[in-house]
Amino acid sequence: MKKVEAIVRHFKLEDVKNSLTECGIQGMTVTEVRGFGRQKGHTEMYRGTEYAVDFVPKVKIEVVCSDTDLKKLVDAVLKAAQTGQIGDGKIFVSDLHESIRIRTGETGEEAL
Amino acid sequence: MRTFLRLQVLLWLLVLTFVPTCALFAADEPAVASEPEDDALSTGDNAWMLASSALVLMMTAPGLAMFYGGLVRKKNVLGVMMQCFFLMGLMSVLWAVVGYSFAFGGEGGWSWFSFEYFAMTGVGSEWNEAAGRPVTPMYDASIPLLTHMVFQGMFFIITPALICGAFAERMKFSTMAVFCIIWGLFVYCPLCHWVWDGGPLALGVEGAVAGGALDFAGGTVVHISSGSSALVCALLIGNRLGFGKDPMPPHNLTYTAMGAAMLWVGWFGFNAGSALSAGGSASGAFVATHLSAAAGAIAWPIMEWITRGKPSILGACSGAVAGLVCITPACGFVLPMPAIIMGLAAGVVCFYACTTLKAKLGYDDALDAFGVHGIGGTLGAVLTGVFATKHVYDGYGGGASLGLAEGNASLIIGQIVAVIITLVFSMGVTFVILKILDATMGLRVSQESEVRGLDLSEHGEEGYIFL
Amino acid sequence: MRTFLRLQVLLWLLVLTFVPTCALFAADEPAVASEPEDDALSTGDNAWMLASSALVLMMTAPGLAMFYGGLVRKKNVLGVMMQCFFLMGLMSVLWAVVGYSFAFGGEGGWSWFSFEYFAMTGVGSEWNEAAGRPVTPMYDASIPLLTHMVFQGMFFIITPALICGAFAERMKFSTMAVFCIIWGLFVYCPLCHWVWDGGPLALGVEGAVAGGALDFAGGTVVHISSGSSALVCALLIGNRLGFGKDPMPPHNLTYTAMGAAMLWVGWFGFNAGSALSAGGSASGAFVATHLSAAAGAIAWPIMEWITRGKPSILGACSGAVAGLVCITPACGFVLPMPAIIMGLAAGVVCFYACTTLKAKLGYDDALDAFGVHGIGGTLGAVLTGVFATKHVYDGYGGGASLGLAEGNASLIIGQIVAVIITLVFSMGVTFVILKILDATMGLRVSQESEVRGLDLSEHGEEGYIFL
Amino acid sequence: MRTFLRLQVLLWLLVLTFVPTCALFAADEPAVASEPEDDALSTGDNAWMLASSALVLMMTAPGLAMFYGGLVRKKNVLGVMMQCFFLMGLMSVLWAVVGYSFAFGGEGGWSWFSFEYFAMTGVGSEWNEAAGRPVTPMYDASIPLLTHMVFQGMFFIITPALICGAFAERMKFSTMAVFCIIWGLFVYCPLCHWVWDGGPLALGVEGAVAGGALDFAGGTVVHISSGSSALVCALLIGNRLGFGKDPMPPHNLTYTAMGAAMLWVGWFGFNAGSALSAGGSASGAFVATHLSAAAGAIAWPIMEWITRGKPSILGACSGAVAGLVCITPACGFVLPMPAIIMGLAAGVVCFYACTTLKAKLGYDDALDAFGVHGIGGTLGAVLTGVFATKHVYDGYGGGASLGLAEGNASLIIGQIVAVIITLVFSMGVTFVILKILDATMGLRVSQESEVRGLDLSEHGEEGYIFL
Amino acid sequence: MKKVEAIVRHFKLEDVKNSLTECGIQGMTVTEVRGFGRQKGHTEMYRGTEYAVDFVPKVKIEVVCSDTDLKKLVDAVLKAAQTGQIGDGKIFVSDLHESIRIRTGETGEEAL
Amino acid sequence: MKKVEAIVRHFKLEDVKNSLTECGIQGMTVTEVRGFGRQKGHTEMYRGTEYAVDFVPKVKIEVVCSDTDLKKLVDAVLKAAQTGQIGDGKIFVSDLHESIRIRTGETGEEAL
């Protein structure tokens, strides 16, 4: 099994979710994160004091899938999240040792 | 250490219980059989003054509490709100016990330690044998002394609360409380007495310094005193940890904006209520207040627009407050259009004070108590000398010219002298109080507490638990 | 089940539309050609009473809604706010249709089912042929009946809203609405009638129980009745799921603090407005209210400071409310210094009630409606018998001594009897109502709904969407 | 582009400073030696009017600012609050300089460009040689012109602020400001003049269109004008990006609820203050306002309950506001029970307007400014023609029947004609203004700015920093 | 070493924490997440507009442990977090390369 | 490639970010977390009820880097985040299978 972490723009979440469900993914977990990267943040000014806000709000989507589904899934994210502008985000893929469904105790790909 | 604190606290509690108990019996003295004077009470004036008192309390909380609370970091939001809220309790009790007596008791002159109204003696109503009913002592012909006392008491709360903006996010709560008590009795009460109780800073009083000054609702008494003391506080307590390095943006500008709006609304009570009646003077003060706030609320963000390309809501709020501060001493003496000019001036001047000036000098007046109240108050006191007009207030009698714009230069001199006296006195006494407190109780929370935030370290609570 | 609910709801709607429609025509009856009495209307008194009415509405929302809303967990914030807000609508309509008539119509005595003012008959203005203009019926010499009606109507809102603190986070919304209607008509209206409409609990009324009692602004009618009913509610509905096991800290103390501040401000309308005029009595009540709140706001956190090392903002807010509750029955009868004593006492006593006592007994009065309003109200009613003074109110006529502190022991007996009657009556009727509702509609949401939170399960909404 | 903007801004600032400066000297003209008329000032009336003015300002902020602020997405919360707050400044200054003069200066008739009160000439007080004191010009016998001016000025703020609900989350701030200035002078001022300054839409004025109409507190002037203009705005500016596709739920319903409560409280000033006195008429308007709001607050959620199974707090708030809007033109002319009927009707009708109708038509009136104020205001204006009664207001003199329910059909025709004129006029002028602004400044922020949110893109600030 | 990520119901956090500490775990890290899965979200209705809220609030608990502790730990989570209803959540296990205690610089299992 | 997760004190974020950018890191992702560990939480008291708040607010910084940069990066975090007090936090390192830049579709170390 693989764990895919995609860090995408906030307002792309709805699109990515739809795109993933279309290609058969049945579960995912989403976290609010802030990203630092090529995309510059912005400055905010409060009564004459300027703050550089380097971190841009992003959304992290975590999906665990079988090795065979990996490519399909990555492509789905790529398609849905791309705007072509700096700051589109990243996809990170890593190996997963085991996965368990708490409700039933099922393990492995059955648990997804 | 902790035991010491507890003892101290217990002591206070005892004193606080003791004093009123004494007074209770004091108030039980045989009633005087004089004629009742309260037939002249005007229910219209009293209705407005009671509403005004409620409005001025609303200025401290929710008004100032939200305004300041939104400006600090999340971890200190309860800290500043608690300062405002606790002062509503503390200063009110202090005012009833001795504050009102110091400020408005006794004769005029520099001395202000009168015990005439100590523990509300002669303020509450009293059974009047002659009239065969309880009679309420009157402040002047139209409102009860009780109304005057409680209205003025609201000023006694908000003035020290304004100072809290300077030492926000780092002051010890216990020291803050003690500081406000002493500051109230030794800075606020004398100033109040000198300006509003026929003292040597009041216009038209015999022997007034430089002819005396005009201060309708507290330019000197409230804003210059608190703003300049705030500067001293900011300097003596030192900058916040990480100041100039870590970002310290306001954590909730929606609170700040709503707080500013409530300050604006409440200020009608503050300024128009200072007419102590509901006649034409109150209406004039109300209008001047509103227009100056309005002018400030556009001037500051327009300055930002010009210099930085974007108008901000913090700018609009700051400008409105600056306009309100500036018109405070003048509102009962000026016409509507000059009020707009004063608001515009306040917006522009305080904008520079809070951005350029503060940045240059490098002190950490966290919430700009000095930049807005000190500078804005001073500007207002001086401009009162310019725009005060016989058309609104017959200060010298017989319709003589009043302000500089009408061709009279003497008023503005009195205003400037009053400003200087207020500045020197407030800053001097504040300096002494802080030095003493620093040596005894300590001004500042520990570094660890500051990092954790005052909410947890001083009050053991969290502002928001949104999980 | 759902269909049943809908039918029920539809029925209500019909009734609500029907009753006023009838009344519309009722009001169309030929106008009486009596002499107008409204020449004696005092605009000053009316100005203050209208402002007070606005202030008292502000107490329920934003005041109480924020105070309670901040204390619950995030998932129930809209639930409690909705209870307050909906009651503003529901109780007001009910008051206009029958509530006012029950409470203030007819003769004195125990019976309270008068339809004198049913659907506002005789309350609104009417074309007066003799005067050749519409004439507004007067309550007494100085204010219109309409003003009295709407001012008292605000009390009819906040009293049941206070009870909501007891069953917060678990009560069914529909049952809550029905409960408040019945409670209003069968607990509030009679109490109001007995105490404020010359009934058998009022001082100086012939045949008053134990000589009658003093209740200036609702110690018995509002606070003891709601506080004690709240205790019954908490006991009958049972503890929240996970009570005593899961942490249930207040999710937004900034709301609680701002709500408490608005309660304080609004209470000026509640208490000083209860003078029904803007004279010396209103001023005295205003001052007593402010000082008692202030004293409470310092007493409670100082108790925390002593016993636990840290003063909290929740403590300061709770103390202020306790002080306000306690002074409510007394505010028009006591001098300023005793008001401070009452505030201090309320702060200390309610602190123990909400911490030690509640913890010992183990009931889940979620927001301490009983601990603050029940206990504080009882304390206030009793202390009124101690501190009420002829210097403020000539209760027995001719300047006879009033309170225990003046040497008269009979008043305090009347006070205690009135407290007991109120306690027994409120708790008894509340018990019966709840038992019936439990059997018919059910009191509590399902376990699943409670875990999800009332916002989603009862209203389909979320408080904050911050993502 | 940016330079152009800056120039523009600078220009404004100059104008704003220049105009009052001129006026300053204008006001310095020799005082007229006429007899003072201000002896008839009623402190009671003035007290209520000053309190009302404060209440109406509170409606815009915190009231409307929180109500609207909570309904948008988090990234635009400061954007809408800033619009409200900035308008408090901008419209007030504009009102003092020319607005009041246009609206209330000169003779009746269609033309409204009077400079009678330009820059407050003749509004502020003036030294009166004959009386030997400054004299305040009076509006009518009982309150100063200054009070009338500032009270009406508060309406000039909130009316355009209401429109902001339609173009929320996408309008350029600069264009919004310019739009409101022009709209104020060319839509609000004429309507105000026609309805409230003895113009051709006022009942009983000679030559009034269709006999004229009744509008106690602004059904046509405030709500229909702003509501219908809002619809034009929503249509011309277009839907928000992602409208109908992305979820756009209210980000903070607790703000919305608290804002609605403050609107309710403030509306007492709006409606009962429109009596311009504190007599029976004010009391009647107060009661009608309260009961209509109450009825609306239950009708809307009950409709939700029936049609969808759950009553929501947003429904209760929307219903209360709908009830308030609907009663606004009628409050000084109807009895309490019809006020309840009007509130119920408003709740039900606006519920359908905001849910079914809007969904069908598909325009994006983001915060339902049209659905609530346009529809509710129209309903109210028409129902005024039904329920207005001689028992409350002797409109035709001699106790002649007034509304349809009393058997007179002519009033309702005048009402409907006034509604149509207001609708056509407001929508027409708004259309022209927007077309011009679209061609010159542009109405809408860039797509990128809209995605980021107005807080950051237009003001460079964030609402909440909770990390 | 293994990294265990458990996504559980919000109101089970307290139970899981207790259960983990009982079986000797000395540290964990918790994140607020929103999950999408078999458990349906809910619809919210605002003035006639209906929104499907697909994401359900969940809590992610991350614990790093030695390979030997793994089973014990997984069992503890399973026991504490199970309600048997759809939406109970998942446990994901992956390998960890290294762990370091910042305070002391200790590495490996010592750092836990 | 390696994924480094550092859990550090809240007020050290700015320092760690600066330290990382100085050593050439161009991107990172930050999450608000709450940590449980040797550092005790605190108790809060609300009207006489005491709550033990066991979880301390922390910040999780995720950085993906090449195997060669790992040491430099870990040292940078260690230096910047250390106060020597209990509660300084942990660094967890794991292997990464793949990384993709959404904007361009680049993969591997190019994508960082």
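Letters A, B, C, D, E and F mark the chains in the order given here, with residues in each chain numbered from 1 onward.
The criterion applied here is as follows: a residue touches a chain if its C-beta (ideal position, glycine included) is under 8 Å from a C-beta of that chain, and two chains touch if they have at least 3 such contacts.
All of these numbers come straight from a predicted model, not from anything done at the bench.
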Result of counting contacting C-beta pairs for B-C and B-F, higher pair: B-C
Same-site or different-site touching of chain C by its copy chain D, using the half cut: different
Whole-Å gap between the CA centroids of chain C and chain F: 52
Separation of chain E from chain F, taking each centre as the mean of its C-alpha atoms, in whole Å: 18
Contacts with 2+ other chains: residues of chain E: 31-32, 34, 44-46, 53, 94-95
Residues of chain B touching at least two other chains: 42-45, 47-48, 51, 247, 249-250, 308, 310, 312, 314, 460-462, 464, 466-467
Residue ranges of chain E touching chain D (in the complex, touch as defined): 44-49, 51-53
Sites on chain A touched by chain F in the complex: 2, 6-8, 31-38, 54-55, 58, 60, 74, 77-78, 81-95
Contacting residues of chain D [partner chain A, same complex]: 242, 245-247, 451, 456, 460-462, 467
Complex contacts: residues of chain E adjacent to chain F: 3, 17, 26-32, 64, 94-103, 105, 111-112
Parts of chain D lying in touch with chain C, wherever the complex brings them together: 42-45, 47-48, 51, 55, 74, 249-254, 257-258, 260-262, 264-265, 268-269, 272, 277-280, 282-284, 286-287, 290-291, 293-299, 301-302, 305-306, 308-314, 316-317, 319-320, 335-338, 340-341, 344, 387, 390-394, 398-399, 405-406, 464, 466
